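In order of appearance the chains are A, B, C and D, and numbering begins at 1 in each one.
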Amino acid sequence: MAKDTKLTLTISCPDRVGLVSSVSQFLADNQISITEANHHTDLETEWFFMRHEILLDSSLLSAEQLKQKFSVIAQQFEMTWNISPASVKNRVILLASKESHCLTDILHRWHENELDCEIVAVVANHKEMEKFANWYQLPFHHVDFKQDKAEAFEKLEQVIDSYHVDTIVLARFMQIFPDSLCRKYQHQVINIHHSFLPSFVGAKPYHQAYQRGVKLIGATCHYVTADLDAGPIIEQETHRISHSDTVEDMVLKGKECEKQALARGLKYHLEHRVMVQGNKTVVFAN
Amino acid sequence: MAKDTKLTLTISCPDRVGLVSSVSQFLADNQISITEANHHTDLETEWFFMRHEILLDSSLLSAEQLKQKFSVIAQQFEMTWNISPASVKNRVILLASKESHCLTDILHRWHENELDCEIVAVVANHKEMEKFANWYQLPFHHVDFKQDKAEAFEKLEQVIDSYHVDTIVLARFMQIFPDSLCRKYQHQVINIHHSFLPSFVGAKPYHQAYQRGVKLIGATCHYVTADLDAGPIIEQETHRISHSDTVEDMVLKGKECEKQALARGLKYHLEHRVMVQGNKTVVFAN
Amino acid sequence: MAKDTKLTLTISCPDRVGLVSSVSQFLADNQISITEANHHTDLETEWFFMRHEILLDSSLLSAEQLKQKFSVIAQQFEMTWNISPASVKNRVILLASKESHCLTDILHRWHENELDCEIVAVVANHKEMEKFANWYQLPFHHVDFKQDKAEAFEKLEQVIDSYHVDTIVLARFMQIFPDSLCRKYQHQVINIHHSFLPSFVGAKPYHQAYQRGVKLIGATCHYVTADLDAGPIIEQETHRISHSDTVEDMVLKGKECEKQALARGLKYHLEHRVMVQGNKTVVFAN
Amino acid sequence: MAKDTKLTLTISCPDRVGLVSSVSQFLADNQISITEANHHTDLETEWFFMRHEILLDSSLLSAEQLKQKFSVIAQQFEMTWNISPASVKNRVILLASKESHCLTDILHRWHENELDCEIVAVVANHKEMEKFANWYQLPFHHVDFKQDKAEAFEKLEQVIDSYHVDTIVLARFMQIFPDSLCRKYQHQVINIHHSFLPSFVGAKPYHQAYQRGVKLIGATCHYVTADLDAGPIIEQETHRISHSDTVEDMVLKGKECEKQALARGLKYHLEHRVMVQGNKTVVFAN
């Protein structure tokens, strides 16, 4: 009950004088207190982004009434906006392949209440992942991508849709999402790529990194788009290596970057801290 | 002229509903645009901090009129506040001893317009520093601390006061400021301590770090208070070392931390991004 | 079988000319190849440290014969030395309290073959940890420290000894080891302390860090000695925070440091990369 | 005089059993002590790399005699090798354009004896750099690249050759070296590129990074080859940024990466810690 009074308000719209004061006046008039506030103005596009964590405790408004009243201001300023009660959890499905480190890292953080969401199922094209889903008492779906890929993606889409998910996490899924799914789930699919993008797009990035002789490896958490590994970046991480690291060592050290970048990126996404602007993101990190 | 229209507004006061809206309403009513905004509420003390970068370009108010009008709101909310025009530069004096890396780093950044201030003089207890002051065409004062320390500090105080400075930077000054000066120049004296405080307070921190066998060394930029190395921390930096690093290696690698932490800490201070709260700081870093 | 031919040779002794050549001559004479070599001379103590990964594949010697033959050189140079076949795995017991992040991180890395050891059991003073032990099919022992601590440590010692362990990992165990156990298991007990030592020794380090207003938090992996949080440091990690981080945020961000520092420190220990010298360590990290 | 007894021995050759023991036996037989030793075997190419810091203090050999005697072993193992007395300093020329931060950073480090070399001259295509050369009492040469580039490079080559330099540092030189000069000065030209290569090759990398929306920027220190920004990487550094950083902010923050990566990379090069292997480097960092 109490949790229904905690909400996140996100706004993006053309920048204009009076915008901040209208919003904060509205909140003050309705006895809504602000516990965290972030603004950003993109100077190139003159676009404004705002995120507020608010409390309705002293307000007479319910979440529904708030939405209705706020829509008037929103229209006036041509806002794209969202009000999300903390009590309504983001529904997340996890897709994996045969590497388990990102999958189990996310599952354990969720189990420990580090990630504010409801994980609804695990899908993998390797059955070895089933035991992890079982332990966390989650349904598991095996989809075989070794045969007919189109058919496999159809089955995957059915599974995803059957759960009415908000977010699809590719926890080292290793299959390239078809364009149609990228469009259908725009800004809902989060991938972890095992390189410091835009370096080493595509397959075997650690091998590419080894061949190039870089002194730092990395990982990139991004939204999936039809362009391979080119979607809006949410978070990145790097780790120092040396000539003595083999590809296997790089894979091992890279796992740390992957887990960190994905966990932080997903957390920001779930807390409505990420706002997409063209092919870039505004991330009100905390 | 144009620059007079760019100002920074900083506020700290007890947290209250309506605070943000009053300020932003005031700015909007006076056609003042906001180019950067940061808030922070300290939940322990229920204290509110705010920093705005604002532009008077479209406003009818001058900076002076703005201050007068704003003081009404300020009083109402019991604000500690400040409005600083970008055109009024912070006057800075640099104090050094015989290590030149922090001194020259600050001087070069200032010369390259990375630090928005007016450096007015260099003081050192080693004459070797004079050549650096000369090159940047700054007055140099030699104060000898080898003899009578009390007398030396009196002379130092006279030099400082003769320049009407806003900020005193101890760029590896290596003399302990007497209590009276700490009080007189409260929150105006910025020191760089060559350890990751609160580890290794006092003399020879790299020797202490070597003896303890730490795997990371660090540096801390903080305001000077009467308690040695215990003032409010503005910025810190660490650097990885190993068993193969001698004390000399640590001194060398530590210099990088010192330069980074001091340069960033001083920059935040000059841009009014640092607000002291008890023995801690709120830093609206960018 | 093949694995018996892979060994690690570690040496520490007074530094002397001819030392390296005697060892490498010995290896060459016996057709032993070196796959990784590290040396370190401590200039203060004139002590020499060496670690070799070697292969017996082309040698006529067995591991046993190697030890016998090498003992002659070892005696001549007054070496403390060890030859460990890769096939003989370090036996590890994990001790936890009620925080599971370090425990499950270590367990998952072990499950994924990132840590070359045999984990033999999990002990905790909170029964909630049992489910994790079960999933990895490990025996679990509950020891209650809420009542008689001396009795609890006696029981703990019995459990530890019943498994003939080589290494005891305090994965956020939160109980202070009595002096007698510290001495009995010298350089065998690895702790993760949730601060950047020597800052914030003892209880509630994140609260201490919050009060001090540091801008980076950290974690330290070290061998346990009778002096609380003062044993030889193996590995450390830091993470940037800001004024907006509450103690709870710091706890959350600190977990990342703890997991990283403990996982790396334990890995170095298991691979015989850590050599203790007084209250410091030589770590031949890779 | 004493300094003539300190040397660095570097070796690369096909890996073979007996190699290390032959070298260390040779050193021991001639009463030469080792103060730092590093080995690396590249498993792909089965190539061996070794670097020794040695002292002739107790030896009867002079540096010259050492070279003659060692050449026998060198031939036997088909070594590429080098013996460099610490007393013979690397002659370095600095090339800059109009950005001074890397130039002055290198000059100040050299002035403070952090870089063991002899800087012989500064060349720039902007006259504003002359004052920095003057202060350090170094000859300055202005080469104008705005007109005929081929002519300018001819003049540059003459200047370089007139100083008999060992190393050419492109401290943000911003002109693409012609193939002929790349070949002539192979592994002698060190560049700092203002991106995390292989991302953002070529012009305006910060603009490219801004457009791509990366969350970390970087810098790369590498040997110059005929392939633009594709030579062997010596050192890299990254720095976290956010959506609120403009291109100008990124340029400012990137300078820190550039200074760090160039200073470390050059230091490694001057101390004979860098060995090139194909298009990669072995760096025996300390």
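In the analysis below, contacts are C-beta pairs under 8 Å (C-beta built on N, C-alpha and C of every residue); 3 or more make two chains touch, one makes a residue touch a chain.
This structure is a prediction, so every number in the text was calculated from the model and none was measured.
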Farthest CA centroid from chain A: chain D
Chain pair with the higher count of C-beta pairs in contact (A-B, B-C):
B-C
With centres defined as the mean C-alpha position, give me the chain A-chain B separation in Å.
37
Express in whole angstrom the distance between the two chain centres, defined as the mean CA positions of chain B and chain C.
41
Junction residues of chain B - those touching two or more other chains:
36, 244
Chain D-facing residues of chain A, complex:
40, 42-43, 196-200, 212-216, 218, 232-238, 242-244, 246, 279-283, 285
Touching residues (chain side chain C, partner chain D) in the complex:
17-18, 20-22, 24-25, 27-29, 31-37, 39, 41, 58
Report the residues of chain B in contact with chain D in the complex, numbered from low to high.
36, 100-101, 104-105, 108, 112, 114, 135, 244-245, 249, 252, 256, 260, 286
